[in-house]
Structures are given as C-alpha cells and as structure tokens.
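What follows is chain A paired twice: with chain B in the first complex and chain C in the second.
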Partner chain A sequence: MKIVLALPLRPFPAALLTALVLMLPALMLPSAGRAAGFEELVARLPEGSYSDRAEVIEAIARTGDPRAAEVLGALLEGSLHVRKADGRVVIIEKTDAGTVAFDALTGEALGAVAGRSTEKIKVNNRLRGMLRSAIGALSLMSPDRETRLMAAQSVFASGDPANIEALDAALSAESDREVATALAEARAVAILNTDAPVEEKRAAVAILRARGDAAAQAALAPHASDPAIGNEVTAALAEIERVRQMWGVAQNVWYGLSLGSVLMLAAIGLAITFGVMGVINMAHGELVMLGAYTTFAVQEAIRGAAPWLFDWSLLIAAPLAVLVAGGVGIAIERGIVRHLYGRPLETLLATWGVSLILQQAVRTIFGPNNREVGNPSWMSGSLEIGQMTVTWSRLWILIFALCVFAALLLVLRRSFFGLQMRAVTQNRPMAAEMGIDTGRIDALTFGLGAGIAGLAGVALSQIDNVSPNLGQSYIVDSFMVVVFGGAGNLWGAFAGAFGLGIVNKFLEPWTGAVLGKILVLVFIILFIQKRPRGLFALRGRAVEA
Partner chain B sequence: MDRRSFLKTGAAASAMLAAPALVRAQGAGPIKVGVLHSLSGTMAISETTLKDVMLMLIEEQNRNGGLLGRELQPVVVDPASDWPLFAEKARELIEKDQVAAVFGCWTSVSRKSVLPVFKELNNLLFYPVQYEGEESERNVFYTGAAPNQQAIPAVDYLMSEDGGSVERWVLAGTDYVYPRTTNKILEAYLKSKGVAAEDIMINYTPFGHSDWQTIVSDIKAFGSAGKKTAVVSTINGDANVPFYKELANQGISAEDIPVVAFSVGEEELAGLDTSPLVGHLAAWNYFMSVDTPENADFIAKWHAFIGDESRVTNDPMEAHYIGFNMWVKAVEKAGTTDPDAVIDAIIGVSVPNLTGGCSTMMPNHHITKPVLVGEIQEDGQFDVVWETPGLVVGDAWSDYLPDSAKLIADWRAPMSCGNFNVELGRCGGGA
Partner chain C sequence: MARLVDRRMGVFLAALFVLTVALPVASSAAAGELVPAYLVSLVGKYLCYALLAVALDLGWGFCGILSLGHGAFFALGGYAMGMYLMRQIGPRGVYGDPVLPDFMVFLNWQELPWFWLGFDRFWFAALMVMAVPGLLAFVFGWFAFRSRVSGVYLSIITQAMTYALMLAFFRNEMGFGGNNGLTDFKDILGLDLTAASTRTGLFVASAVALAAGLLVARWITASRLGRVLVAIRDAEERARFLGYRVEHYKLFVFTVSAVMAGVAGALYVPQVGIINPGEFSPANSIEIVIWVALGGRGTLVGAALGAMLVALAKTLLTGWLPELWLFALGGLFVLVTLWLPRGVLGALEDGLAQLRPARTGAREEVRA
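Moving on, here comes the complex of A and B:
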C-alpha cells in the first residue's frame, strides 16, 4: 500500500529518470556495453531474471575487457558468487584448506568464506550456451592451441554473426591447419546468418558441405528455404545425408560388435558351467553382480586411501573379482550343485534360490540403491572415426572381451588343468580311472566359470547400473547366447554373441528396441527347432547323458 | 497436563486395562497404519526409502500425542516387487491387521493390482508417486503428480525462451502404461501447440534397457535438423543410468539437447557421476534443494531418523508427508478412523507442503501442488530454474485426450463418481 501511495508523490523528473535508467539496458542494447562500464555490468550480474542476466552477459562480452573471459568462465563453472553481506561479486575457489574468495574485478584475495555467506549466481542451459559462445569469441586468440580449437567450436555452435569480425582477425593470425579449418567453418555458419552477398554464402555452404557431419547439417538445415542459396543447401544436405547413411552401416556394425562383446562377456562363464558341465546355473547373473560390486568396493577403498590410483582401479579389481566370484562359485558347487548332478530341474531351482539369497545379501550389505562406479579417465568420452562415434568404454570392453576369450581358450587347450577338465567332461569314468580327482576338477571348472562371470562384472560396471538387480538383466541373454551358439563350445558362444549383437542392432533402428528384442527371441526359437544343438555341435557330458 | 497428554495417558491406561479383552474396531488400542512398499526385488531401490519415511512420520505423530488420543502403530509388509503379492499383502493388512489406512505402492501395475481389494474391503490407499492419470477411485488418494502437474508444465518451460524455445521433441520412454499414456497426452498437447508430426519422435525401450548406443545416435541425428531439440524422458528406474552415461559419452550436452525427465530424482542420481549431466532437467513438485524452513526441518528430521547425513530426500517422500498429514487431519476432523467418514472429511483438507505453500485435497482425490523444473548440478542436487506461479490442481482425466476430456471426477455427494461423463450426463465413463 505504502509504495503505491509514495510513487505519485515523488518529483516527476526523478521518477522519469529512474524509469529511463531501468529501461536503459533493454532500450539501448548495442551501446549499453560501452555506456555501462565493465565493473558496473559485473555488479549487475546477480540481479533480475535469467533474461536480464542474458543481456548483461552479452554486454560484458561486448566490452572486450581483458577480465571478461575470466569472469564469464567463472560464471559458467558456477564459481562466481555474490557475497550476501555487501553484494560484492566474488570468485570462489575450493582449496584443501577450505573455500576462499577473490574479488571478481580486482582479483584481490578476500580470505576464507563460510559456506553460507555467499550465494552462487545461477545460470541455466540458455545462459550456458551464450557463455560458451561469448568465452569462445574472447579466447579465439589464446596462445593455447586446444583452447583456440574449443573456442572455434563454441563459436560454431552459436552461429552468431556478431563474431565474424573476431573470426576474421583470428583466421588471419592462425597458423595451425586444424584450428584454421574450425575457424573457417565457424565463420561460414555466421555468414549464413547475415545478408552477405550470394557468392560469399555459396562459399560458406561449400565449406559446411565439406565438413559434412551432424553439426553441419544442423547449421545448414534452416537455410534450405532461402531463395538465393536454397538449391545449394538442399544439394549439400542430400550429400551429407548420403554419406551419413553409409557411415550409418559402419556405425551399426560397431554397435553390434559392442553389444556382442557385452553378451559374450556375460555368457562366456555360462558357456563353461552350462555348456561344458551341463549345470543350469541360475545364479550366474549374481556372480556377474558380485564382480561389479567388487569393483565398487575397490574404488571406494582407492578413493579413501590412494586417489592417484583411481585410473588403475579396474586392473586392481579384475583379479579380485575373479577371486570373489570364483570363490563363491566353488562354494556353490561344493555346497549344493555337486549333490544334484544329473537332476537338472532340482539344480535349476536350487541355483535360483541361491541367486535370490545373493541378491538380498548384497541388498542388505550395500543397500538397495545403485552404487556409483566411476569411469577411469581412459574409459571416458569418445573417439570420432569419420562420422562414427566410438565410445572409449565400449572399445575397451570389446578388447577386454576378446582378451578374456583368448585367455580362456589357451587355458582349456594348452594348460594341464584344461586337459584334465576336458578329460572329465568327455569321459568321466575313464578320467577317474586315470587318477584324476574328478570332484576337484568339477569344483575348479565351476569356479573358473564363476570367476569369468566376475570379470564380466568388472567390465559391465562401466556401462550399466551397479545394483542388486544387475545380474537379472543378463541371465536370459546369457542363456540365449549359449543355447544359440551351441552348448559346450566356446567358439559357439563367440559366434552366438556377436551374431545376435549385430542382428539386434540392425533390427533396432527399424523395429524399435522392444520389437527388435522379440524378433531376436522368435528367431532363436525357430533356429533351435531346426538345429536343437545350436550353431556348433554339442560335445561333453550332456551327450553321454 | 494438557488435554492431549491427558487423553494419551487415559488411552494408554484404558489400553492396559483392555489388553486381555478382545480388540474392538473402535477400541482404545493403537490405530494401525499399513505400509505397503517393496523391500526386496527390483522396486526396493525406490520403495525402501518410502517405508522409512512413513515410520518417521508415524513416530513423530506418536511423540506429539498420537491420533485421537491413541497411539499409531505401523504395520510394515513386504510385497517384494511382485504385483499379485501386492494384492495379497493389502488384503492381509486390512483383514488380519485391521489397519485404518494404507500408504503404499509405486508402480501403476501394483496400484491396479490392489485396487479391487481396497474397493471390496472399503479401506484407504494413499498413493505417493507421479502417475499417468486417467483414474479416480473412491478409496484411493493420489498425492503424487498427475500429468498436468508434471509433464505439461515441463514442456511449457522448454517451449519458453528461458527453456531454449524447443521446437523438436523426442518422447523417449520405457514400454509400459505410464510412459505410453503420458506420451499420448504430450503428443496431443504438442500438436495442439502447433508442433508438426515430423517434429515429434517417439521411442520405447524394454525395462532395464542398457544398450543405448543406437537410440542416442538416433536422437543425435534427429536433433541435427536445425531446430532446437529436447528429449522428454519417461524412462523408468535403472535404465536411466546407462542412458545418461551414453549421452555423456557421445558428447551430447544439455546445451545441445536437454533431457527433461519425470522419473529421475535425487535418489536416482545418487548412483551416478553427475558432472557430465549438469543442465539436464527434471520436473517435480519438490526438490531437496528448495530453500524453505519446512523443508530444512524435514531434512533435519530425516537425517536424524535415518542416522546418515548423506541420505537425500525426494518428491515421493514429500507426497507421503502431505498424504499422511492430510489423513491425520481428516481423522481428527471426522473424529473416527472409519473409512467412509474419512473419505467424506478429507476433501478440502489443506496441509503445508515442503515448498512453502499449502496443498489441498480436491474432490477428485488428487491434490494441489506447485510444479518445479530443476537443472541437475554437479553435487547431484537440482537447482530450481522455473516454477509455476501458483499451485496446480491435479487433473484425473486429461483434457488433451478426446475420450477423457469429457470425464470429470467428484467424490462429494451427490455426484460421488470418479468418471462422470459430462456429455452423456451420467456416471460410468465413455460407455
């Protein structure tokens, strides 16, 4: 009430002036940057809505002040705060000793700050995009090559014609070829958004056509209806699309191989316990889960004791996972399975019970929630091969799967244990006659299968949830692979996994993931009707039985 | 001695006297409250927390003198993520334990499975999870969000300038009833806003889908048509983690293609390295980061109860907080725990929520809530970037589906109907 009454009482010119000042940033945007000094603009950052902040950011970028990049960078990273006591804009830095603040304008150290005495200046997605483009434009001349490349890419993404001047300047000074290309591409996008002459726009379209990826497509698409260059743009888009279709096939093969490697890792342990020994082990998935939880436990220990070892955590976890899962596997075999040989139905029920016990045990110890297993730096991000995105984690998992397969083949073919194992599975009475302790070999074989499941868990922890339910999602797929590939033959599991992976990934784009999965199942059922023993013929104990 | 504690002592004394005698329905013994949440199986990940929050609320109510001078006694059962078992356990709670009300269920399937039991035995169910709507039952109170309290405001935000003026939409979901219905509503809504059919891509995946490579690269391709693109995700539970990991690995950031999720909250992010996810969005009616005295108090109590400072709070927990307080208030108003009396008394009951307002039970058994859109931060919390100016009334029947637009729900006499057809002028849905 008070405010409403007070306003008309104010001297008229003062009120008008206040209104004008308030409207200034909106009315005179182009000149606002120069009119309002850098200091004043920074002080205005914490105020108002996101839209107000967007205007201030644009104005700050336009001042060209040498401190702008740092302030905007801090805003982007969320380290630009405002001190609650006096409204001073500060940059927060977290050190081992605690949180310290620096004045955003002068860089003056303001000492330690308590957690609640400053407030973060918030940004949203739109502002983040603007900030990246503004910082990019400001750091195009940076001495660091990587920074310049990143800057060129953010300017490309914004496509803002205001940057053309800066790009021209940067281009004339650039000596690195890759950065120069990126700058030219960024310039081309910006040119398309101006009223530049047709010739210049045509050149820009040609540059983007040469780049030929999804980002170029996105930059070109809005200009397809431009009367002057529409034809060129349409032709360029068609060309990009054609090339992308071709890469799409390669991409699908890669996805298929990657899915195949995951399937193989999950199934290969089962190929031993089910395929070679003929034991239907429903707890196989839980052994995979134990491997994943071992990785989690190792990473927790490393985080607490030796953080510099983090990149090695998977290599440390791998042998431990084999021991944990293998040990549990041997316990299952000695405790339960060996009493049930030759009674598949009872084995199935008993091991299913074991799987529930293991799940609930893990749930009780680690809690029902997902656990965070970090990716080591060499497994994060992706690699661009032409138009293909190959994620590092998937690539390493494929390599890892192949190594595990090769190692397993070697053990079975070349080692003494492998020889004994094959002897027992091919002819148990004869093997026993020859002095082989068949009970011990059974336990070790089961343990080997379980240990490999544990190894799979280490790899799968990188791409899937680590939760007590982890194993359930893999058990059906694993049996599918082993049955399709042919029980008793490792090469069967190999061919089965990669075959199913690739078929699945080629079906998925057309049928969707749900129908794709159903079709694969139907295919396997039909296939098993025709060849009940899978791709590769059956050998081992099941034949005798 | 104030009246409450006098009553309590009196009740306790008479309870002791009456102990050997048969427990009468309205006797002086404790009032039993059923808690029907999975503590094992796949849904334990989400539901265990809700069981804990119910125990906390009941404990606190008892410390404040119980209800109607009687002690509240929680009865916890474990339906083990098994839908038919939900119905069995619900029957056990009502028939054997004689509970006055049940707080429980998470998935829509489990709710549908217990519905006939609650109708037959005439008891109360408080359902705390956001769901697809298209339902209003006399015995159920929906304290989670209906689609108009979550999905539609989220889409409105993305269409606004602050949200990035999104023009192209990917509706990605897990293949079951909640995403299918929500996406049907959203598709109709988007089309009513002038979005062309070719600018909408709908994708469904099986439960627990873990290989997102193809879908993420499809989304990437769909987003390269030169129009701002966003993903509206109704992907359920565990499948979210590999989905977000794949997005990050393929280099899709929230600035390129933001993902707004309706099933990802603080609890789900707890299992995830959130630094590559900063800026992706979620729409809820509550975030742990909301800065109100009520919320600070609730979080402090939760940490004290659970004995772990690192535990988070989330939206369904707030829904139970609201639902429980509404039930308490309605029982006090009715002076009895008799379900029929409570069903009549609870409509119009208004209790404080944790975001600084008051939620009211509406005649359609849904409640009023604010809608918040939050961006994921590096610490696994959400920063609220947008909220509805006022409270939104939960709409049982969506206005954007032609068949349900003509239905209304009003459980007050004389209508007393959950699917009144305003065109035909009678109760009973579209038939």
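Moving on, here comes the complex of A and C:
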C-alpha cells in the first residue's frame, strides 16, 4: 500500500477512492495463483444479468492478467461468444473463408463454426463505458512500451477524469521518460475536467503549455473562460500558438529545402551543359527520366533474381544510371550538338527533337503508364522532430543532392579533367594550342552533365511518378533555376534551387500550389529584367566567352 | 523597296486562291461531294496554323526573336473568340441560364465576371482577339527588350510565360472553364456552326487572313524598317551603335507578330469547336518553331508551307501509326537543324539556283 500513500491526497468521491484502492494492488503487483482466478472469471462472463457481468468485468480488470485486455476488447467489439455445446468462451473472427473461433483463454484455434452454434455475450452502453476505461487502464500498464504510449495518447484525447487513478498508478510505475511525459499530460487534461484545486489546475496548464501542440491547444481551449485559471490558460494558448507557428515555419523551411534539393538535382546537370558549355539541352529532363527508368529496370531484375539485394537497389542503380544517361548524353553531343556549337537556338530545337524521340522510345519499351519503383527499407517511414515530420526519403535525397554538389565542385576545381574543362570554357583556341583535345573535353563535359541528370532520376524515382513524362515536368523548373541563379556558376544553381524551393513552399499556404508556382514564374520573369544574367552573373572576360 | 509580291509569294498566293475556290466547290453537294466535307474544316485549321507560323517567322526569321511562347498569343486570341461563342449560346446551354455559360452555373457563380462583359458583341470580341495578345506582347516585350534579354534567355522566359498561363488557365477560379476550356459552341454571327455554308465561310476567312498576314509581313519586311530588322537579327550591337533604337524595332515586330497569332487562334477555335488550356502547353509552342524551321526561316511563304506540311503529316501519322508520330517529329527537329538550315523552301530554291547558275539576285541569307 506504499503506492497509495505516495499519491497526493485529494477530496475524491468516495466511490472512486474505493475503486482505486481495490484496483491498485491488482494492477501493480503480479501475484502467483491469480491466473486461475482469471480463467474462472472469464468462464463466468456469459452468466447472469448485466450488473453481474459488470462485477465480473471489474474483477477481470483487477486481475491484471496479460490476456485480460484482449478478452475485454473482444467483449467490447462483440466478438466474444460462448459455444452452446460446452459453454466454452471463444473469440470469433470473420474471415473470407467463413467464421472461425479461437479459445479466449489459450488462443487455441477451434476451426470454423456455424453461425448458430455460438452465442454472442451481450453488453449494454454502461458496460461498454466500463470496458473502455478498463482496457485503457490495462494498456497503461502493458509491458509493451508502444502500447503504453498509445494508451496514454488515447486517454489524453478522451480527457475523462475517471482515468485519473489509473494514470496515477501507471505514472508511479513508469520508468520510460517519454511515456511518463505522455501520462503526465494525459493526467493534466483529466485534472482540468475535474473540480480539483486551482493550484493543481495551474500545474496541469503548465504541463500542457510545455507540450505546446495542436492537441494541447484543443485540450486547453474550453477552459479559457474558467474564472479561476482563465488567465493562465489564455497565456498558455498564446504561447502554444507562438511555438506552433515557429514549428510551422520550420516545417515550411524543410519542405522548401526538400523541394530545393530536388530542383538542384534536376538543374545542376543543366548548369553544366547550359552554364559551362553554353549549350541548351532541352533533352535534359529526358535524361533524368532515363535515370529513373534505369532504377526501375534494376529493381525489376533484383525482384526476379535476388530479392535480398532490394535494399541495395538504389546503390546499384546509381552508377548504372550515370552510365546510361551519360552514354546517351555523349551520343547526343557527338551526333548532334557538336555540329551546332555557336548556334544556341538551333541546338535548342535539335535537342528538343531528341527529347521527343527519347520520350517515345521509353513509352514504346516500358509502356505509357506509371511504373512502380519501390523504396528500400532505409528510405521508407519518417522521423518526428518536435512537431515536424521529416520523411526519410526526402532527407536522404537532400543529403544525396548535397553530396553530388560537393563532388561536382571537387571535380571541377581539383581534378585534371576539371582543369581542362575550365580551360576549354574560358578560351577554346588557347586550350587547343596547349594540347587539350577540345572535342573530347566537350563530349565528356556534356556526358558529365547528362550523367548527373541520370543520378537525379534515381533520386526522383523515390518521390515522383516514373512515367515517360517525368522529364517534362522538371524542364521548365530547372531552366528557371539556372536562369535565376546565373548560368555558368554552380553556386548560382545551388542558391537558385534552394531559394526558389523555399519561396515556393512559403507561398503555397497563402496562395495554393498552382498560384504559388505562377507567382514564382512571374517573379523570375521580372527578375530577369533586372538582372538579365542571373543572381551570380559572371563578370569580366568570361561574359564574352 | 523590294516588290511587295515577289515570285515565291505570287506562286503561293495563286495556289492558295485556287485551293480556296476549289475545295468548297469540290466538297459541295452540287459537285457530288468529290471530297468529304470535313476536309474543309481540316484544311481551314491548317491555314490557321500557317498564319501562326507566318507570325512567328516575322519575329524569328527577320528579327531573331525566337519566341517559345507564341502558342500563348494564339490561345489568347482563341479564348477571346471562344468567349464570344460562349455568350452566343445564351439559354441553349445544358442549364438554360440566359447569361451565364454552363461551367459558371456549375461552379455556382451568380453573375458574369467583369472580364466577360462585352463579349456578347462580335465587334468587341474581334477587337479583344487582337488587343489582348498584342497588349501582353507589348508589356512582356517592353520589359524584356528594354533590359536586353535576348537569345536563348528570351526563348526560355517566353516559354515560362506560356507555362505560367497554362497553369493559370487550368484553374477553375480563373473563370475560363478550367480544364475543360470553352466548348459546345452553337453559332457565330447568327449562323449555325455545324452548317456546311458556315464552315466554308470560316475556311475562306482563314485563307483571306493568311493571305493578308503574308502581305502585311512582306510589307513590313520589304520596307526600310524590315532592313533594320534584319540588321538587328544579324548584328544587334552594331545596329545599336549605328543609332537605331533596337528595342523599339523589336517591340514593334513582336507585338505585330502576337496580334497575327491571336487572329489565327480566333479563326481556329470556331473550326475545331473547342479551346482549352492545353493550347498553352510549351510543347505546342515549340512545335510552331519546327514548322517555320522546316519550311525555311525568314521566307514567310516557307513558314506557311512548313506549317501545313507538318500538320498534314501529323494528321496522317497519328491516324495510321500513332506510335511513330513523336519519333517522326523528333527526327524532323534534328534533321532540319542539322541538314536543312534554310528549310525545305531554301533547299528547293538553292537547287533551282544551281540549275540556272546565270540567275543572280539578292538572296536573303539567314544566319543564326
């Protein structure tokens, strides 16, 4: 009884106090020999009147038997039946094949049953209420942490003062901090619904204020007009509103970063072909699409040949996508673009033609419909940070985009190939004089841009529909990023992508997605008027190149 | 000043005249319907495309303004006409509202939005067909040319313009029928749109508009002003340093071109019976460019021919082998830019010139 003494004493209604005292030892102290009592009680369930049944239910709850929650749950749902032949209590489950029964105590499968051979154990509304709080209280003490957490949350949502004793009992036994917090919060909501002393209510308001989310707001709101604690509640509500707005901003920033990373992946290859080489590649979006279809093909092969490799499918697909898209890119450069250097408008038209051909080729090979690309296990699910949800796939894509960007910078700045590339960009005749094979460098540069488009496709396959039109939906956006950021500068593409991503996501709640996008487009069109060469314009001689 | 109607223009206009007379006659009942009646509307549609191509060629071929958003001007002209046709339906709509078009009744709108006012009069709609695209081109061009946005940058922002308009017109709240656009037209100027005589009338009107468009474009490009335009196309900086206000010339030609595209759209809509936001899609606008490039950039007549050729190929191929159409179109883009820089007409005339080496004349060289 130490536990009961540890509880803060309050003027409880007498009945509640009795129930508390009766329940706690049963809930708290596992005792041997109790199992027999539980089985006997369950066997007594079908007998007698509703008030007899109420007593039995109460007694079952008191046993604290691990099977109690399931039996009471079945009773609540009306799937607890009694078999007419031998009076055995069974749980009925309806399946496609028919109705099957399980022993309520042992879980032993009893096979299919005819509709008339069992009889439902009936409950009325009073019993249902009892069952719900009994189940809630039982779950609060469950050995499984997740179950306790869920139970605490459902008690929080109900805010029923009847649960206070159970909560107190659970609280004093709880060792997990997160569950304990959830229990304390649930208790605070329940306290507010009683006529507990003002001091205690103030403490409850403080607890909810610390929780600071929409649920806490909803729990507090009805008490704002309470004369005793109205001021505290109003202050807490304002505080919560402020915290929520802050989290809302953080969430928007995250969405913006996520969109920005996608835009950057799509645009960064373009920044190389358009920015560094001055070649307009309208087929860029289709190279992204090829990357996505490569991922699809790799996953199909893995599903067929080695399903255990599935979690690695993206890592396998990434280099293949670079090869496929890069190879197609080099073919485009050698076959078409090479002949059109210095004629940007013709290049634009020819590569648009290539994009149509690639689209139709993919449509012919893979069909016109969306293809299903699966998420590996490490990319599914999400992460809760405070009041913000971060899906793993988007987080990985952001990390991936940053890695690609860093790797690209490294290649351009530190590698010999990068040096040759910059030399050709800055002064082609001079580079040729120095012995650089400019034709080869052109092809490789274009291939690099195309390969990165392929990588973008691998990432996009995780969050977007893989269809022949995939590329089309990114081409205008990626051009906007490059034009906004300033051609010929990777940092421009970086700033352009994340800037546009965040602006877009902040506009969306006000204007809706479509109007937001239109506003961004109009903004860029106006921006170009002001800075025709983009945010990070090249200066000096490079402009003439 | 060069002659207004040169050889190629003369040949083309004569052929167009023959077509305009022959086709309606051949399809009429009196001639025993030698050709099916739908051909009149189909060729009428091609003629609208041809006018659109001439409009683009005026800007791209003669002033180097590669607009990837000309489909937007075409669609705006089409929407202006569509609004007139919608108002003509009157109480014959599905919901029978005397004023509101069906889609507005469907959206529970109580009264006509302000920008729909006046469209029940033909003269007002006809004015808007030219004014709306012209005004958009004027404002857009004023900003773009003043800050010297040119070359591919201009192409890309014109593409963004038509893309933004497409997104906007897809919205129901815009008041232009959203996704479905405007359709179910009944009559124009009191004439039943399904009647053969009305269709012939629209066909002839399209032919006349095309001829007029060609002559206006030719008149502009053959004048002194046209010479300046070509100078700007070939050496913008030099023209500027010689004292020409480059942006004024560009703005003028861009606006005229947009108005022409609007007229083409207005004639197109009653013949196909629908206008929807799909017309704004960037892909449509780029397709116009290939018409001009195929026919021969800077030749006007070539642009018109190219448009009709590609449209004909599209009709035939999408009917027989729909799979093949995009391959063919894509291949066309690549082949024309690589091997036919002066288009079919240019290649033809080059071939003729080689057959008759004695002939000399000022050939209009087109450079990128």
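The definition used in the following text is that the second predicted complex is superposed on the first by the 298 of 545 C-alpha atoms of A that agree within 3 Å, B and C clash if a C-alpha of one lies under 4 Å from a C-alpha of the other, contacts with A are read in each partner's own complex, and residues count from 1 in each chain.
Throughout what follows, a contact is a pair of C-beta atoms (placed from the backbone, for glycine too) under 8 Å apart; a residue touches a chain by one contact, two chains touch by 3 or more.
If you're wondering where the values come from, they're calculated on a predicted model, not measured in any experiment.
By the touch criterion defined above, A:Ala350 lies against chain C but remains apart from chain B after alignment on the C-alpha atoms of chain A. Contacts of A:Tyr50 after superposition on the shared chain: chain B is touched, whereas chain C is not. When the shared chain is aligned, chain B comes close enough to touch A:Val262, but chain C does not. In the superposed pair of complexes, A:Ser467 makes contact with chain B only, with no contact to chain C. When the two complexes are overlaid, the chain among chain B and chain C that reaches more residues of chain A is B.
Once the two complexes are laid over each other on the shared chain, residue contacts for A:Lys517 go to chain B and to chain C alike.
In the superposition on chain A, A:Ala85 contacts neither chain B nor chain C.
Of the two partner chains placed around the shared chain by superposition, neither chain B nor chain C is touched by A:Ala114. Shared-chain residue A:Val483: touches chain C; no touch with chain B.
Of the two partner chains placed by the overlay, chain B and chain C both lie in contact with A:Gln360.
On chain A, the surface patch touched by chain B in one complex and by chain C in the other comprises residues 359-360, 363, 472, 514, 517.
Within the complex formed with chain B, the residues of chain A that make contact are 49-51, 78, 122, 124-126, 128-129, 132, 157, 214-215, 217-222, 244, 251-252, 255, 258-259, 262, 359-360, 363, 368-372, 374-375, 380-382, 389, 391-394, 463-469, 472-473, 505, 508-509, 512-514, 517.
Per the touch definition, chain C reaches chain A in the complex via residues 66, 140, 143-144, 146-149, 151-153, 155-157, 159-161, 163-164, 167-168, 170-171, 282-283, 286, 289-290, 293, 323, 325-327, 329-334, 336-338, 341, 368. Across the complex, chain A meets chain C through its residues 280, 282, 336, 339-340, 342-350, 352-357, 359-361, 363-364, 472, 476, 479-480, 483, 514-515, 517-518, 521-522, 524-526, 528-530, 532. Chain B contributes residues 40, 42, 44-45, 48, 161-164, 175, 203-206, 208-211, 213-215, 217-218, 220-221, 223-227, 238, 241-242, 245-246, 249-251, 254-256, 258, 267-268, 270-273, 279, 281, 375, 377-378, 383, 385 to its touches with chain A in the complex.
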